[in-house]
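Each of the next two complexes has chain A plus one more chain, namely chain B in the first and chain C in the second.
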Partner chain A sequence: MKIKNCTLFIVVLGLMIGCQPQKKGEGKLGQVELEEVLSIGSIDDDAIFMWSGVAADDDGNIYVTDMMDYSLKKFDPSGRLLKKAGGKGEGPGEFLAPLALSCSLERIYVKDQYEPGIMVFDKDLNFLRKIPSRRYISGFKAISDECIAVTYLSVLTKGSIYFINEAGQVLRKFNYMTKDKNVMMGQVNMEIDADNNVYLAYTFQDRIEKYDGEGNKIWTRNLLDRKKVEKKMVRGLNLPAQIIYKTIVQDSLGRLYVLGGGLSKNKGRDVYVLNQEGEHLTTFTLAEDSHLIYFDSRDNLYARANSGITLKKFKLHLKTI
Partner chain B sequence: MRNIIKNNKVFVITILFLALFVTYGAPMLEAGSCEKAFELCMNTFISSIYGMNFMYCGTGYLFCIKYIERK
Partner chain C sequence: MKYFKATSLILVMILFQITTSFSENSENRQEEPARVQLLLIIDFGDFMCFSCLESFLQFCYSLPHQFQDQYVWGVVIFEGNIGSESEDIAIKIVEKKIRGFRKANRVRFPILVDRSRIFSSLAGKGTTVVILKGEDQEIKRYIFPLSREQIAEIHKTIGI
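== the complex of A and B ==
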């Protein structure tokens, strides 16, 4: 009778554990295989000269900023160039060095390296307006058609993320702190999920953090066990000279993908995969080094090839252990 | 041209900062790293606003070292 009860207890317990809802993106991952599904630009064509930013809309169209062509380009899902906008200059819709790119439901946002503010285009690449800014933006991400999260490069080491509207007005501000007193050490790459959780991967520190929408820190992780980066004294500034993390992006299951920099085993190629709790699930390596990685809404991964002449799109095959 | 870009990272660094120097009439970078380009930028870009030249050149530096990975 005791054995029977004990067996019943174990079975019930097993069922209870088995029926626990699994959190998004959870589960230990094994090998990750990258299947190349699209390649835009090659040494033999003029599709891309040197791309810097990439984004894709829900229809699969791909938007690229091309630094050497001073342009914003739109490609259809097969990689055919649909339209090009911009041109060299400082006038409306013109660029000196178009870099970062982000897209919302109806808008394309572009940051030029040498112009404060963000340029706004519609999805047909018609220039709409410029979001004013008095400071130079170091990173941004479109949250919606009405809200953009922005970071600025500051002399101060205190870090902040500003949520602004298309008029450039600050809707709210999110503070994160760094104890390091050296310049640029508070620089971060950011990702923001649908629940307003903010994920930060520090550019010059071995630190990845998650904050809730109220600004409370949920967790901190370090993956490389590196305390300090190499620095160089330039014009009296102790400038960090090695990148720890280049980008942090999230797939539709909530998994985080962090592209490592110069201190990773494979510089600019190692991608660390974490779940929403910050647990390191696996690491995979890109064939070529990239300055960023990007995920579209269908979980395709985009990365650089041929030193920026080529944009590659991959389908990820993640094997759960 | 494309082979030059592919094989010469110094050339790529130069291109990254080219717009800056063309804009402000400074001499073009001959060779160097992102740190050298940052230093040249800081020497070239003059602003009366405190910290503005750092912010201007720093955004370029940030992108440069992300884009150009030292082997």
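== the complex of A and C ==
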């Protein structure tokens, strides 16, 4: 009788656990397959010479910055070039080295490697204005047409994220790292979700973090056994010599994708997948190393190929275990 | 010195071959070799460095158009595994990037990729300008970035 009661108890308990609703993005993932759905740029055409930044709007149009011909380009969902803007120079809408790119509902934001501030274009690539900045912006992400999250290049490591408007005025700010350590160690790649949670993948540390909208740290993860980056002396400064994490992006289910750098098993190709709780779900490897990865609103993944003359778009097939 | 003279003679022969194989600007080129030739050996790694390239471009813009059309050549050197299939693709990628760079920067003279790895030994540590002058093909080399004095010296040497 006692054995029967115990068995019944275990069965009921198992059913209760098994029937709990699955949290978003949870469950270990197995193999990840990448299905190539689009390739823009090849050896034989002049579509892209060396793309540096990429973004896509909700209509599936793709925006690319090209460092070799100093341009901002717009492609339709089939990869056909619709428009090219920019050109070499320091005038309005011109570039010396167009680098990072982000888009909001109606705006395209471009950061030039050698110019402070952020340039603002509309969806037809018409230059609108420049968001002023006295400090060099190291990273940014458009939150909306009225708000952009930026990080500034800082030799010291007091890391902060500033939320600014198009006039460059600070709307709010939070600090993610207040202890001074070594030079440049506070550089981060960031992703911000719809609930204003902030995810950081440190450029020169084995460290990935989540903060809530108030700036409270939720969790910290280390994926590479806390390996330390090599350093070298440059003009009296002890600077990191390798990049550990290159990008952090999020899909529509809240899963995080972190592109590894020089300390990953496959340098510049390993992508670590985590859930919103920071649990490492799986790792997959790109065919070629990429300087960044990007997810559009339809969960298509973009990455580099052919040393930057090609932009590839993939559909991910993730299998749960 | 003997090594440089031998190299310069080989270089002139190679430049002859390059001259006759060019289709892009061949109609602008003289059939007989000029007494001055300017060879710009460009390190492909410098394409990732804006300040490195800017010095190179400013020097190019300082040369008269007619001089660029007739007496200037560019060669890109880069690292890679010689003879492999992947290198063939790598060369084509470099050629494509050069095509975009030339057009965007309005570079008039032709730029080749050093497929045979002949010019690496002539280059210094980085992008280099090599002047071949006179019947005995005297060679002078300058490594970028160039100072104002060096640019003036080059202009004087090539007679502009």
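We adopt the following convention: the second predicted complex is superposed on the first by the 298 of 321 C-alpha atoms of A that agree within 3 Å, B and C clash if a C-alpha of one lies under 4 Å from a C-alpha of the other, contacts with A are read in each partner's own complex, and residues count from 1 in each chain.
By definition in this document, a contact is a pair of C-beta atoms (placed from the backbone, for glycine too) under 8 Å apart; a residue touches a chain by one contact, two chains touch by 3 or more.
All of these numbers come straight from a predicted model, not from anything done at the bench.
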{"item": "Which superposed partner A:K227 touches (first chain B, second chain C, both, neither)", "value": "neither"}
{"item": "Partner chain(s) touched by A:G261 [first = chain B, second = chain C, both, neither]", "value": "first"}
{"item": "When both partners are placed on the shared chain, which of chain B and chain C touches more of chain A", "value": "B"}
{"item": "Contacts of A:D69 with chain B and chain C, given as first, second, both or neither", "value": "second"}
{"item": "Touching partner for A:Y136 - first (chain B), second (chain C), both, neither", "value": "first"}
{"item": "Chain B versus chain C as contact partner of A:Y152, first or second or both or neither", "value": "first"}
{"item": "Footprint overlap on chain A, where chain B in one structure and chain C in the other make contact", "value": "43, 49-50, 68, 96-97, 113-114, 306-307, 309"}
{"item": "Complex contact set, residues of chain B against chain A", "value": "2-3, 5-6, 9, 12, 15-16, 19-20, 23, 34-35, 38-39, 42-43, 50-51, 54-56, 58-63, 65-67, 69-71"}
{"item": "Touch list for chain C against partner chain A, complex", "value": "47, 50, 89-90, 92-93, 96-97, 99-101, 103-105"}
{"item": "Footprint of chain B on chain A - complex, ascending", "value": "43, 49-50, 52, 67-68, 96-97, 99, 113-114, 135-138, 152-155, 183-184, 187, 203, 232, 234-235, 237, 239, 241-243, 246, 261-262, 267-268, 289, 291-292, 306-309"}
{"item": "In the complex, chain A residues that touch chain C", "value": "43, 46, 49-50, 66, 68-71, 87-88, 96-97, 113-114, 306-307, 309"}
